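Order as written gives the chain letters A, B, C, D, E and F; numbering starts at 1 within each chain.
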Amino acid sequence: MSHVTAERLLVINPNSSAVVTRAIDVAVDPLRARSPFAIDVMGLQGTPAGIAVQSDADRVAPDVLHAMRAHPARGYVVACFSDPGVPGAREELGGTPVRGIGESAILHALIVGDRFGIVALSRSAILRQRRLVRVMGVDARYAGSRAIDARAEETTSALLLDRMSEAACGLVSDGADTIIMGCAGMAHFREEIEGLCGRPVIEPTRAAVAALIGDCLLRN
Amino acid sequence: MSHVTAERLLVINPNSSAVVTRAIDVAVDPLRARSPFAIDVMGLQGTPAGIAVQSDADRVAPDVLHAMRAHPARGYVVACFSDPGVPGAREELGGTPVRGIGESAILHALIVGDRFGIVALSRSAILRQRRLVRVMGVDARYAGSRAIDARAEETTSALLLDRMSEAACGLVSDGADTIIMGCAGMAHFREEIEGLCGRPVIEPTRAAVAALIGDCLLRN
Amino acid sequence: MSHVTAERLLVINPNSSAVVTRAIDVAVDPLRARSPFAIDVMGLQGTPAGIAVQSDADRVAPDVLHAMRAHPARGYVVACFSDPGVPGAREELGGTPVRGIGESAILHALIVGDRFGIVALSRSAILRQRRLVRVMGVDARYAGSRAIDARAEETTSALLLDRMSEAACGLVSDGADTIIMGCAGMAHFREEIEGLCGRPVIEPTRAAVAALIGDCLLRN
Amino acid sequence: MSHVTAERLLVINPNSSAVVTRAIDVAVDPLRARSPFAIDVMGLQGTPAGIAVQSDADRVAPDVLHAMRAHPARGYVVACFSDPGVPGAREELGGTPVRGIGESAILHALIVGDRFGIVALSRSAILRQRRLVRVMGVDARYAGSRAIDARAEETTSALLLDRMSEAACGLVSDGADTIIMGCAGMAHFREEIEGLCGRPVIEPTRAAVAALIGDCLLRN
Amino acid sequence: MSHVTAERLLVINPNSSAVVTRAIDVAVDPLRARSPFAIDVMGLQGTPAGIAVQSDADRVAPDVLHAMRAHPARGYVVACFSDPGVPGAREELGGTPVRGIGESAILHALIVGDRFGIVALSRSAILRQRRLVRVMGVDARYAGSRAIDARAEETTSALLLDRMSEAACGLVSDGADTIIMGCAGMAHFREEIEGLCGRPVIEPTRAAVAALIGDCLLRN
Amino acid sequence: MSHVTAERLLVINPNSSAVVTRAIDVAVDPLRARSPFAIDVMGLQGTPAGIAVQSDADRVAPDVLHAMRAHPARGYVVACFSDPGVPGAREELGGTPVRGIGESAILHALIVGDRFGIVALSRSAILRQRRLVRVMGVDARYAGSRAIDARAEETTSALLLDRMSEAACGLVSDGADTIIMGCAGMAHFREEIEGLCGRPVIEPTRAAVAALIGDCLLRN
């Protein structure tokens, strides 16, 4: 991380996979050129290599909040689709903008199309996504999720493209007109899947950082 | 705790207040006479004295799961209205029944009346209750929450009776026909508030243990 | 029926099929060993052999209430998935616990998994199930129903296993992670279907009696 | 009743109060001048004098269906706000139009304004209205109900005007922009209450008969 | 148009296709024999030949209101499934009944069956239908839409029968038990599609006019 | 307007009130210092001075789209809370970001708090807000609207502060924890009302422009 002042946005990858942290850093890079704020990305240590089940999300939530307390920033993105620690951080940090990538991708989908579908890593992830959608109160816009049976640390593998694109096309046939990638670190496939399924595909970390820039400008 | 075999139910108070743990033990006592399972109550150490804000709930969720792993039982009740750790525990423990007191009180309210209201400790608790209601998908039956501005460790104080009863009556005027006490450890006021507001009042820990007995019988 | 005191639970099969009444009696038998209350099962006379259409359910509702008035018990289960007479009985009997098997199976499904699906006997039954789900206000958790085109009095036939299992697997592909048997008297197939579809299968009469035991303990 | 052919509409008052039956007959009279179908009104015998609780509604549902079978008509209105027997009759009679006054008033309210409120006779009636609104799936348009604590057979009393108008004005302050009279036989107060609360007031029997005329024309 | 008095109902086809206007006129003809009001049909000039996208609907809404102001009638039907101008006209015209064919078909479906599906002309039309269903607040009864990829002015072509019937059957397999034709001017296929899919098929213009007759009788 | 290139954002005030257009220009000014895009504001000519009723919104929707076609920009904000023309513009302009201030304020409220309330100009505006909330599918997060009985062109008057603040406090007592100003041009009161009601107050035009900046960065 190159910035230490409060004039930066901090993206926290709650898992301990350096591969995923690097993928996130690459994913948000296109935003850096014109962002009025610096954008830093950090991983956590001592956390699981991926958020596979709900107890992994529970496990990292206090660490996420701890990292925010330790690293001052203008605003934060929690780069795990289950948004661990986000409601608690928002409550504790008061006016400082905090964004989960799950909620941010979903809110962005609401202005891009009518019904969104989510490409999930696993069946367990689908359960967390359904709870996220319900807690947000946006069930009426949710076409469903489809799992590709992969782990977070595999998302950078080129082998996943076929499975992702099959899931995306399946979601379109389920009635989705907008596709959300249900995991950080899949950004490198976004354009290709968009071409294959013929519908807009939202990469959640990039969507969260872009929205956070807006949030921070609003609080100027 | 007097039982160590798997033939007992374990009620876990996720906060570290011995007063609340004792109040919970007293609250579930009437169930012991006819319960086919022993009922043990334990508190956690090193956790906050009360779950005041969302990050407190986040903070204890991993400890709750850890306690379950360390203390074998036939089934578990998590005795905090925010149900910290419950979805994760359910996923990890597979068939072993796990109940949060928040969801259990709400599900019981669905068969007692038409619309339930919740007496909350604080405004922050109301926010957690709204999220709980939405994640359960039962908004259509929820009349709202009213806060009494108290901390969990005060719930045993006789001074709270007036505020609780005022909140309960307010919820009835908001359209609730069933009242839920939104915190463990208020059991000693249940009957009195029921008399004062004229509607059934559900004590969540007792409701959760009673339901857990049914769950365990079903898995016999 | 062997018990006449108020210390028993009474399961009322609202149809007149002795085969179904017997199947219900067998279904609840595993609960008897540890239940703190005796469990009696009775059928009604002069009612249809099965609740095939809505007017059958309407037809038996007054008889169900009449049977409750005539046979004192600690609590009642109405063993028809359309829950005929349950709201009225609850209103009339005040504090005495009353459970329909439809609502009880659905409420149990809410703590077992995220989205439930229902194996229905017929298309008409699906319509009643949809109304039940909506009146309960839990649509957000409902994956749908699939019909096996059978009559209630056929549910004991071994021939139905294939159709039930096909419906259960179909519901899983529709997004259900928990399966509910949409009729009393299918209990003997429960475990086998659970194995075949790979997801928890809830037998509604047993779920209702187990929950009723909890309700009665709570009112001790 | 003056008509015996299938060219008439039959309005069935499911209670046995001749006063209410007469009030219904007067209420629908303004529709007769231009209706393409004759409009007959009949009461039932041996039923309660009013539908006060859910078991009263359950009690009359089979009689309503029996009356339809015995009295051929082009279409039927069930003139009790709980719509007893309507789903069953619709299923049994196939294409013959059947209307409950509860659902018809609610559906009419959906095109008159945005949120409707219902003047209820009693707290028990409110519970039935909430279930009706949920089973119809139109909760998003429902502002609530307010009770006037009266019995069906009192609805013709001039003494009720004050209480009805107070309830109607209360519903407006609850966010209703359209008021529904939650009982047959209040028609004589409609215009006056409309003037007092300043919002459209829907009389359910008249609304149901008017809608039934449309239904029957559509099936010509 | 043959009637100029206020004793007529006026059906406004907001597009400029004379073929569609004629088809609408034929569609409502069966209602004329027994309608207590004359039924006139008019098209608009200078509007698009069909309402293909949302901006077409936006484009004609002011023209629809202008036509109502210019042509006095007892009540109005806007014969485009997107109901352009209906909320505004209702607000401006006060007590004069106004019906959109989209909302009218949907409200009629609510009493004919449990879940309706809509045959849409195009993917863009599906998006408008979803918004209409949500704005009406009846999502819980909506099974979905299927597109036949046609333009409004083609709806009279016999070649569309196959595609419509395939869409209708698809909707039944999606869980619809009632089918709505999502466009004015398809009336000539109604009976045939009903036979092919085995479920009631609602023609929206006819349903709207029939309902409007009821509305106008109610305001006599 | 000072920019003509596609590197600007264009805020369109759909009414013809120069006072409101100026107020909007002032409102978005704080965003200009750090925005990566220029921000232009324009009014429309020949439109009503304020969007008072639904037909005003209908009336301006085609003009809004026409202005977009005529004035190229990187992205557009429609600065009327009823979001006239937004769905149509989004459909026609494909990838170009388009934001209504109503939807943008509501989406922002979803990450600021749990339940939002809206200060409306008039009762007619409340009806449009309810429809907007339903069409967005976010009813579960909506605490309601309160009207201050003012016209759009009065929103700059200091006299409105008292009424706005009273409405905001009323919404808090209705359960809102976030307040949205339901009209463009109220920005000058934002901070003061926030102080008076003690909850975050969202100014919709600023929220929409900030969000649009994020949308445009995302499409870089």
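The criterion applied here is as follows: contacts are C-beta pairs under 8 Å (C-beta built on N, C-alpha and C of every residue); 3 or more make two chains touch, one makes a residue touch a chain.
Since this is a predicted model, take the numbers as computed values, not measurements.
A rotation of 120 degrees, rounded to the nearest 5, superposes the Cα atoms of chain A on chain C. Per-chain CA centroids place chain A at a distance of 27 Å from chain F. One finds 52 Å separating the Cα centroids of chain C and chain F. Centre to centre, using the average C-alpha position, chain C and chain D are separated by 32 Å. One simple way to say how far apart two chains are is to compare their mean CA positions; for chain B and chain F this gives 42 Å. Within chain E, contacts with two or more other chains are made by residues 127, 131, 134, 136-137, 139-140. Taken together, the touching pairs give a contact graph of some other shape, not a line, ring, star or complete one. The list of touching chain pairs reads A-B, A-C, A-E, A-F, B-C, B-D, B-F, C-D, C-E, D-E, D-F, E-F. Across the interface of their complex, chain B is touched by residues 114-115, 140, 175, 177 of chain F. Residues of chain E touching chain A in their complex: 123, 127, 130-131, 134, 139, 144.
Those residues of chain D that touch chain E in the complex are listed here as 30-31, 33-36, 90, 99, 103, 107-108, 110-111, 136-141, 206-207, 210-215, 217-218, 220.
For chain E in complex with chain F, the touching residues are 53-55, 57-59, 61-62, 65, 84-85, 87-89, 91-92, 124, 127, 131, 134-137, 139.
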